Amino acid sequence: MIEYLDFHLPVLTIVVPLIAAPLCVLLGARTMAKLLSWVVCWITFGLSVWLVAKVSAVGKISYYLGGWEPPYGIEYAIDPLNAFLMTFISGMGAIVLMYSGPSLSDEVPQSKHYMFYALYLLCMTGLLGMCATGDLFNVFVFLEISSLSTYALISLGKTRRAPLAAFQYLIMGTIGATFLLIGIGLLYQMTGTLNMADIGVQLESYRTAGVVVDGVQGPPHWEGSRTMLVAFAFLTVGLCIKMAVFPLHTWLPNSYTYAPSVVTCFVAATATKVSVYAFIRIVFGIFTPTFAFELLPLDTALWSFSLVGIFVASIAAIYQTNIKRRLAYSSIAQIGYMLLGISMANQHGLTAGIVHMFNHALIKGGLFMAVGCFALRLGSVHLDDWRGAGKTMPWTSLAWATGGLGLIGVPVTCGFISKWLLLTAAMENELYPVAALMLVSSLLAVIYIWQVVEVLYFSPPSEKAKKATEAPLIMLVTTWVVVGATVVFGVWTTWSAGLAGDAARVLLGGGTP
Amino acid sequence: MFVSVSILTLLAVTAIAIARMRDLWAAVMFTGIFSFLGASWMLILDAPDVAFTEAAVGAGISTFLMLGTLALAGKKEKPTTASPIVPLLVVGITGAALVYGTLDMPHFGDPAAPVQTRIEPGFVEKSQHDMHGLPNVVTALLASYRGYDTLGETAVIFTAGIAVLMILRRDPEDCDHRVTQKSASTEKKGRSS
Amino acid sequence: MNSFPIIRVVSKLIIPYILLFGLYVQFHGDFGPGGGFQAGVILASALILYGLVFGLPAVQEVAPPRVIEKLIALGVLIYAGTGIATTLIGRTHDGGQVPANFLDYEALNHDVLHGFLPHGQHLGIFLVEFGVGITVTAVMTMIFYCFAGRSRLFNEKASA
Amino acid sequence: MSSDQFFGLYNYWIVVFLMMTGFYIVIARKNMIKTVIGLNIFQVSVVLLYITMGKVTGGTAPVIPPALAGQHDAHDQHDTHAAPSGHTPAANATAANETVDHGHADHVTELAHELAHELTHDATGDAIHGVTETAGVIYTNPLPSVLMLTAIVVGIATTAVALSLIVRISEDYGTIEEDEILQMDRRQ
Amino acid sequence: MNNVTPEAMIQICLALPLVALLLVVVAGRIPNLREACTITVSSVLFYVTCCLAGHVFSGARPHWSLGDVMMPGFEIAFTVEPLGMLFALVAAGLWVLTTIYAIGYMRGHHEINQTRFFACFAIAIFAALAAAFSANLFTLFVMYEVMTLSTYPLVTHHGDEKARNGGRVYLGILLSTSVAFFMLAIAWTWSVTGTLDFTEGGVLATAFSEGKISQRQLAILFCLFAFGIGKAALMPFHRWLPAAMVAPTPVSALLHAVAVVKVGVFSVLKIAVYIFGIDLIADTHAGDWICHVAAASILLASLVAMTKDNLKARLAYSTISQLAYITLGAAIATEASIIGGGMHIAMHAVGKITLFFCAGAIYVGAHKSNISDMRGLGRAMPFTFGAFLIATISIIGLPPGGGAWSKYFLALGAVDSGKAFLMGALMISSLLNIAYLVPIPIRAFMAPVETPEEDTQDKHSGAGGWKIKEGPLLCVVPLCITAVGSVALFFFANHIYQWLLPIVQAGH
């Protein structure tokens, strides 16, 4: 049994939730579906923890689906980076699902619960599949699984704006996916293969031997190949839409705001991170940092977009009275930090970017979970209605404050670790203005977080806050598990920073640890 | 050559026509025609499976679905007041980038293109060996070599099915839900005013 | 639409052939263009045609939404189940048993009714195409139900 | 630009034009159904892009004539009896299986070479190296077709979800013009 | 305590405040038990700190590390050296007194949320000790932030609009400066030197000699540190200090005398000594800009203090001025000035806490917070105002107040460095100190009570109008002790000098 699981670990991690989704529909009953999805989520989490342990022990794992070797078949290629990512996706998935119960009953009609569970599992499957795969087209397919289920989940929101937000996201998301598809097509055309590693090898050979264009041997450096440039551009833009990088972020605020709280928790914690991962994979795994950052000024472009995005989104966040929207803008800003780290393309920067993916998932997950608790008890996510809730919902308020400190990047929370790593990486690259701007921008987070804290603790209670009681135990406990994790991983960073460091090393061409 | 040129021209004309049309019903019909033309060209390009599917999906299901939606949501598009400059600019840049990208592409039908030569032996020979004589190589690829993609595809379809069911199914409880929602929104309105 | 008798008669005549064609496409995918997806679309279109002509209640009697809903799930399960089955069975190699990867149809080799029942890759492809066919048919039908269920036109017809 | 280049690339350009028309409809039009139509055109054009790149001059659809297929079937049945597994095995990189698979992989590569030789043996005319060619027939690369089958299915799935969202929106707002809806929301 | 190693003592010192925190939370519902716990633990802590001080001042440098809990290279580690030890002694000693005082004050004033108050207090003390013992910049920074956050609930203790605004300024300035400047400076240091450890002689000296950082950059870096450590309240980042005056008086005492501001100036000193190295600062004139800023702060803050009628506000500006002395000491960076700065931490702490205790006692006892209302109050509160007078003398720098020595050393340092204008600034400032502090006790004792009827009543009832109406006993006793302490320090200064001497000599 152990041997069986061990051998099929990469695929089981993805297929188990995939199978559970139709089972939920087949069962049809709310409680059964709930039970099943709980169990499956935790199994998936267990499997991915196992996977991460295995990768740490033996290095990169390949799994050939259908037994077909690449480039004929599809390969699952697990290395420290995606194993790490899969662990926290499935972990967040499991914990948010545990959390979901009361909030779900409040926001989604009971008869639709089993479908919610099915779609939730599918969303998780899609995200996990995107991480695990080593095949470009497979990335697209799983991206669509996760996207479609996300659209549907968002449309479950209580107000009539939810379907609208879902539609807007669908249009943007599909444009992004189609751009991705075009990019994949162009790459396929120039290399004749879809396996990422194989494309990398092929491009390497062009770099040394040159591309044959019109039957003429080209010069042995492939920035000359215009097709490759355009392919890269389309992949980047497509993923940037999915990541919600600043000028392409328009879908995100509405989606996060009007989706049911549970969906927001899960999506905010995981979805954009996976696109960031795919971007990392494409830049470092297929093309090379040399191509992306030296031949193309992508690094400068990313810094400028990230920094502008961080400032614009943070300032926008300050002006939002809807807390979910406020956090949504904050998410856009935080993506900027991840990209800043990645664009530095060195060990420290990349580690910082990857760690921040993880840390931000925890922080934002925790904050949105706290918002969900408030939404359940206060029936509103407007700042005005939250006045004085610190008295009646002390634990939830404290969770918000703690998570908020993480977002600000106060020491002893994991937000500090990412910020610190980013800062030192920027210093190492002698990007002093970037470092300074980054720090100044993080002060904006103080404003939009602390305003809420003040409202919670120092305002005369609103009508709703007076009547409110503390959130249900299960929601409170899970929220605190996540918020507690932000503190735990702020002190004990050996695991997260260590894994991220390994991942960065592998990506930068170093040997597996 | 002549056939393909004329089909391509027709495709372009249809696309422009759709873009300019305000009558949604006609636009949907033209989209169906567009898919059909596309399918015919795919047939010329030796992709009968895709052509078959595109005809069934593009000219069949999606037209049907869109007509169904039109019946529920209205048939006329309102003229937009927004200036088309920005979209045109975006499209222009994207298109220019793509055309720029084509310049180094292997030419149409080039037998030496990486797509044709990279995998050695190619899928056709390999599948003959592996599949014990399965005539349709596309099916072999679809279901076996890239069977996992197809599992993903089935999952996508499944997702879409559940999604549509969840978005559109009316449940008795759903009605109550909408009522409470309406009252919540009026409450909010009252407060803000 | 059901007020036109000609359409009713014609569709009654056509539907069996559509179904037959759908089944042909489903099981003949190995040999010519076609496969589970196309077959599913065709089979669903037969149901949809039936629904359009004879009304939603009539077609829902033939294919109840509850059943269709379960079929959506069933198809995916057949597909993924085939994959899981291959991992569980493993493949025979040099007389010994070695693990077979997910969706490795080589594990489905068997000697029962050799030459009559498909085996190995053929069996695998048959099974997964079957799964795809079921899901696609069910999903397309379900989408039709959902859209038609929202349509005032159909609801009035149901009450009339 | 040489005429050679023009004739080699013009159908890509038309495909690009089609894509951009679709893309324009998506971003310029505020009517939701029109947006979805644009998305459809965009996606169909991408399918055309892939299919175009798979085509090889003088090629034919990758469906092997049954006569030829039968020939191989016979060959393979013989083969199957000799070795129960006749295709490239799972050369899984996991350490445990490596040794087993390695030997097997060699064996299979050998088989594949033998087969390739056999296949090209009676080929007529100039065999262009590497082009998929069996018994004198050049086959178009089937992989783009397969990818696009998946993409079409994904496309219709997206369309279905989009349209169902439109139905809900039009029920809730009474319109499917994005401008009007945004105005209504702002007024609220 | 003889068989306990100094390393273990560090652990005990750091653990005790946390134990206190736990006990306070657990015993929150029973005030007497809660306070007993706090007092016991704080007394034990003071005892252990004294024992540790014995080791450290006789030359030991105990070290304890939590290991690389953070990223490799960033460890939470503690090394005790004399400067930190002195600060820890001050903090631990004053914690006992502040606790006692706080009990009197909080109960006398019927404050709410007392449990939260004592809990946050314990965390603040923990952070102060940990910062004092920190072995590297990283630990120092972490503890600095912990301190900021743990004192925020104290500042906003009343929870009203005023408290919220005060807290906003407090948190805003402290967090902003620490994130925008301090963190940047740390990262810069890390990127230049590759280490954050406090090393005798300074880590930047090597980097400078290797040309990794220029003279001008060093000056900028020093500015970043000096301004980044917002708790040092260098102008123009001083606004938080008066803003934090909304807090209850024991908190003000804690903020202004013991924990918060002292962590700030202590950090500046420690960075000057162990990151830059006093020789480097002296050679490269890295501190020159800050010298000017500090001198300006000293004078301006004193001038502003004169305009304030609210006693606590006046004391707050006085604090800003006095803190700038210490920053100045660090920026001048001669042996004498560093010792003077270090000494001033202790001298000012004891003096200023006395003044705040007095302000609080007056508030509890007479419900007066404005200086103009305190005419003749000295007759009713002789102990309080007596202590006030003594502390005033110390703050001004007149013998027999402890402040005399520290100011003497600072002046000596200024002369050594050849910056005569600094000497002038110090002199003028002392005069200003006299001008804004001395009138308070003088008026309290000498001036007639304003309301005549009350005056006559007093004459009738009491012997010569001396009707004693002091604050609660628990308030008055601590302030007498600290007043006596500030005099004692005058005679004790030589020891402090001897203790601090190793830190300035190590670099040579």
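A, B, C, D and E are the chain letters, set down in written order, and residue numbers restart from 1 in every chain.
Keep in mind that, in the parts below, a residue touches a chain if its C-beta (ideal position, glycine included) is under 8 Å from a C-beta of that chain, and two chains touch if they have at least 3 such contacts.
As the structure is a computational prediction, the values presented were derived from the model and not from experiment.
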Ask   = Setting subunit D aside with everything else in place, what contact-connected groups do the chains form?
value = one piece
Ask   = If you walk touching chains, what's the least steps from subunit C to subunit D?
value = 1
Task = Give the label of the chain whose average Cα location is farthest from that of subunit E.
result = C
Task = Between A-D and A-E, flag the pair that has more C-beta pairs in contact.
result = A-D
Query = Distance-wise, how many Å sit between the C-alpha centres of subunit A and subunit B, to the nearest whole number?
reply = 27
Request  = List the centre-to-centre spacing of subunit D and subunit E in whole Å, with centres computed as mean CA coordinates.
outcome  = 72
Whole-Å gap between the CA centroids of subunit B and subunit E = 70
Message = As a quick test, compute the distance in whole Å between the mean CA positions of subunit A and subunit C.
response = 35
Remark   = Going by residue number, subunit C touches two or more other chains at 31-33, 35, 37, 69, 72-73, 76, 80, 83, 91, 99-106, 121, 143, 146-147, 150
Ask   = Residue numbers in subunit A touching 2 or more other chains?
value = 7, 18, 21-22, 25, 63-68, 72, 137, 141, 144, 148, 151-152, 155, 160, 163, 182, 188-189, 214
Ask   = Using the touch rule from the top of the page, what pairs of chains touch, sorted by label?
value = A-B, A-C, A-D, A-E, B-C, B-D, C-D
Footprint of subunit C on subunit A - complex, ascending = 4, 7-8, 11, 15, 18-19, 21-26, 28, 63-67
Message = Touching residues of subunit D toward subunit A in the complex: what are they?
response = 4-5, 8, 19, 23, 26-27, 32, 35, 39, 42-43, 46, 49-50, 53, 87-97, 143-144, 147, 150-151, 154, 157-158, 161-162, 165-166, 168-169, 172-173, 181, 185
Query = Contact residues on subunit C for subunit B in the complex?
reply = 29-35, 37-38, 41-42, 45, 48, 69, 72-73, 75-76, 79-80, 83, 102-103, 105, 120-122, 124-125, 128-129, 131-132, 135-136, 138-140, 142-144, 146-151, 153
Query = Across the complex, what residues on subunit D touch subunit C?
reply = 63, 66, 84-85, 87, 89-90, 92, 97, 100, 104, 149, 153, 160, 163-164, 167, 171
Remark   = Given the complex, residues on subunit A that touch subunit B span 18, 21-22, 25, 65-66, 68, 71-74, 109-112, 115-116, 118-119, 122, 125-126, 129, 135, 137-138, 141-142, 144-145, 148-149, 151-152, 155-156, 158-160, 163, 182, 186, 188-193, 202, 211-215, 224-231, 233-234, 379
